[in-house]
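Each of the next two complexes has chain A plus one other chain: chain B in the first, chain C in the second.
== the complex of A and B ==
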C-alpha cells in the first residue's frame, strides 16, 4: 500500500543511484535488465554497500538470510539444496514463482553460486518494493493513520512524526513461503 | 572419492574501510564478536578486517555457496576466521554455512591470508569425500 507514497519509479531511480555511486559508474548506463555482476561488474562487497545504501535511503531492513536457507528451515534439510550444491527442482519452482519475470535465467539443476549473477536492477527494485509494501495501516507509535512522505523516500506519521516501521526482509520471505505452501503444497 | 575444493579472493583494503566507516552495522553484520576484538586489538584493524573478509569470501567460493545479492548475507558472519595458538588462521563455521559444508561432506579446511600495500588476499582449500 506504500505505493501511494513511494512509487516504483522512485525506487528504481534510487536503486540506480545506489549502484552508480557504489560502482562509480554513470547512472544512465544502468537499465532495469542490467545484471549487477555480468553487466555492471559488481563484486560481493559492492552488493553489501548497495544494500546498506538502500536500507538507509528508505529506512528498511533487507533480508539477512537467503530464501534458500528459509526454505530448508521451513521444509527440512535437503529441500532447497542437494548434496552437490545444486538447487532442487522444488526450490527452483518456488524461486520462479517469486521472482519469475525478474529471474528469467533461473533453471532447475543450476548451482547455488550461479544465483548472484541473476540479480538485476529490476530484481533489487522488486526486493525494496516488497518491503515498502508492508507499510501497516496505522502508525505503531500512535495508532493514527496519517502517513506522509518525506522527500519522496521516507514515510512519516503525520500525527506523531515517527518514521513508519516496515516488516523486515526475512519475516516477509517467511510469510510468503507459508502462504505459498498453503496454496500450492509444493513441499 | 576424495574431493578438493579451492577458493581465492582479493579485497581492496581502502574500499572495505570506506564501507565500514559509512555503515554502523557492517562490522556486527559481517564479523563475529571475537573477530572484531582480534582486529581491533591490532595496530591497523582494517588490514585484518580485509584479510578476514577475503577468507570468508574464499570459503564461499570454494564451497560454491554464492550469496543472495538482495539483502545482507548472514553467511559472512557464520564463517569465523581467528588465529590458532600457533598464530596461523583457522576457520570455524556454524549455521547455514555449516549445513552447506555438511551437504558436501567437507572434512578438512585450510585458510591462508596475506596482504601487501592496499590489498589483502586469502585462499581456502576444502577437502571432502
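== the complex of A and C ==
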C-alpha cells in the first residue's frame, strides 16, 4: 500500500545526504537531475555504499541488481544484453516504460556499461519510495495496523513497536517485470 | 628486515589505486622502493585516487609512476610492461592484487560475466606474469599473489573465490617452474578487510556485522606480509600461501557463521 508516513521530500534529502557522504561532496551541489556517475563522479562500488546508507536510514533492502540483470534471469540470456554487451530493443522498450520518456540517451545498441550513468538522484529517490510503498497493511509481528513514523524515517508498529518489514528492491523489480510481461508480452 | 634491501628497487602493484593495493604501494615506498601504481579505468575516481597516491609516494621521496591498464586485456598488459621497460628498464616485485567480480551465486552468472570473471581474475594475472618474466629474470624478482579466504571457504555470492583458488594453484605451479630462474612466487591469503569490496560483501552476508572487530584485518597488515615475502628474510618460502586473517579461519566454533536457513542440513 502506498504510505504517507515518509514524504518524497524527506527521501530526496536522505538520498542527497547518502550520496554526499559517500562521495565526499557538498550536498547542495546535488540536484534531482544529477546523474550519479556523469555529474557526481560515482563508481559502481559507490552505488553499493549509497544503497547501504539508505538501507540503514529507512530499514529497507535496496535492489542488488540492475533491472537488466533481472530481465536476463527471468527471460533468458541474451534477452536484455546481446553477445556484444549491447542493450536489446526489447530491453529498451521495457526500460522506457519503467523510467518514462525522460531518458533520450536510452537507445537500443548502447553499451550496457553506459546504462548505470542513467541513474539519477530522482530515480534513486523513486526506488526508495517504491520500497516504502510496499508497506504491508498489517504488522507481520502482531497483525495490527497501527503504523506510525519514527524520526520521519522509519515506520514502526504502534502496537508492538516492531519496525515495518518492506519488500526488498529485487523482489519489487521481479514482480513489476512479471506484471508487465503478462500485460505487454514483450519477451 | 635487511637494511636498504628495497632501496631503489621497483614494485608494480596491479589494481593499486585504493584498498589493499594502495596500502601495499605505500608500504613498499616506506621501505625505499619506487612504485608503479596500476588502475583499470581512465577518467574516474580510480585515476584520481591513483594520482593522489603517486603524489603521496613522491612526497615520501620515492619515484611513483601511474599506468592505466586493464589486466584482462592482453594487449593492454603488454603495453604496460613495454612502458615499464622503456621508462625504468627494471622490475623487482610483481604484486598481483587487481580483482574484479560480480557478487552473485555462480549458477546465476550469465556467460558474459563468467568470461569476465576468468579473464580478469585468472587470465589477467597470468598475462602479467608472462609479460613480466623478462624483467623479473634479470632481477631475480618476486611475485606475490593476493588471495582471500574465499578460496577455501564459502562466502555468499562470491564467485571470485573460485578464481582465487585457481590462482593459489597457479602460485604453486609457477613457484616450481620459475625457481630455475631464481624468481620466487608466493601468496597472501587475506581474511576480511574493510575495503570498498567489503561494502559489497556486507550486502550479501548479514552475519558479517556479527564478526567481532578484532577479527578484521587492516590493509596495512596484508601489506607487511607482502613486503616480508619480497624480503630476503623469507628466502626459504616458495610456492606458499600465508594466511593473514587474525585467526578468523582458526575459530572452529564460529558462533557468527550460521548456515543459510534455506541450506541448513538436517541430521
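Following the convention adopted for this analysis, the second predicted complex is superposed on the first by the 180 of 187 C-alpha atoms of A that agree within 3 Å, B and C clash if a C-alpha of one lies under 4 Å from a C-alpha of the other, contacts with A are read in each partner's own complex, and residues count from 1 in each chain.
Keep this in mind: a contact is a pair of C-beta atoms (placed from the backbone, for glycine too) under 8 Å apart; a residue touches a chain by one contact, two chains touch by 3 or more.
Remember, predicted model here, so these are calculated numbers, not experimental data.
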Mind checking chain B and chain C on superposed chain A, clash or fit? clash
With the two structures laid over each other on chain A, which partner does A:89 touch: chain B (first), chain C (second), both, or neither? neither
Output check: A:127 vs chain B and chain C. Expected answer is one of first, second, both, neither. What do you get? first
Quick check on the superposed pair: does A:67 touch chain B, chain C, both, or neither? Answer first, second, both or neither. first
Chain B or chain C: which reaches more residues on chain A? B
Taking the superposition on A as described, I'd like to know which of chain B and chain C A:52 touches: first, second, both or neither. both
Between chain B (first) and chain C (second), which, if any, makes contact with A:41: first, second, both or neither? second
Counting only touches as set out at the top, which of chain B and chain C does A:77 meet: first, second, both, neither? both
Once chain A of both complexes is superposed, is A:116 in touch with chain B (first), chain C (second), both, or neither? first
Common interface residues of chain A with chain B and chain C? 45, 48-49, 51-52, 64-65, 72, 77, 81, 83, 85
In the complex, chain B touches chain A at residues 11-12, 15-16, 19, 22-23, 25-26, 29-30, 53, 57, 60-61, 63-75, 96, 99-100, 103-105
Quick check: in the complex, which residue numbers of chain A touch chain B? 36, 44-45, 47-49, 51-52, 55-56, 62-67, 69, 72, 77-78, 81-85, 111-116, 118-119, 123-124, 127, 169
Sites on chain C touched by chain A in the complex: 44-46, 103-104, 108, 110-112, 196-197, 199-200, 202-204
The answer for chain A against chain C in the complex is residues 41-43, 45-46, 48-49, 51-52, 64-65, 72-73, 77, 81, 83, 85
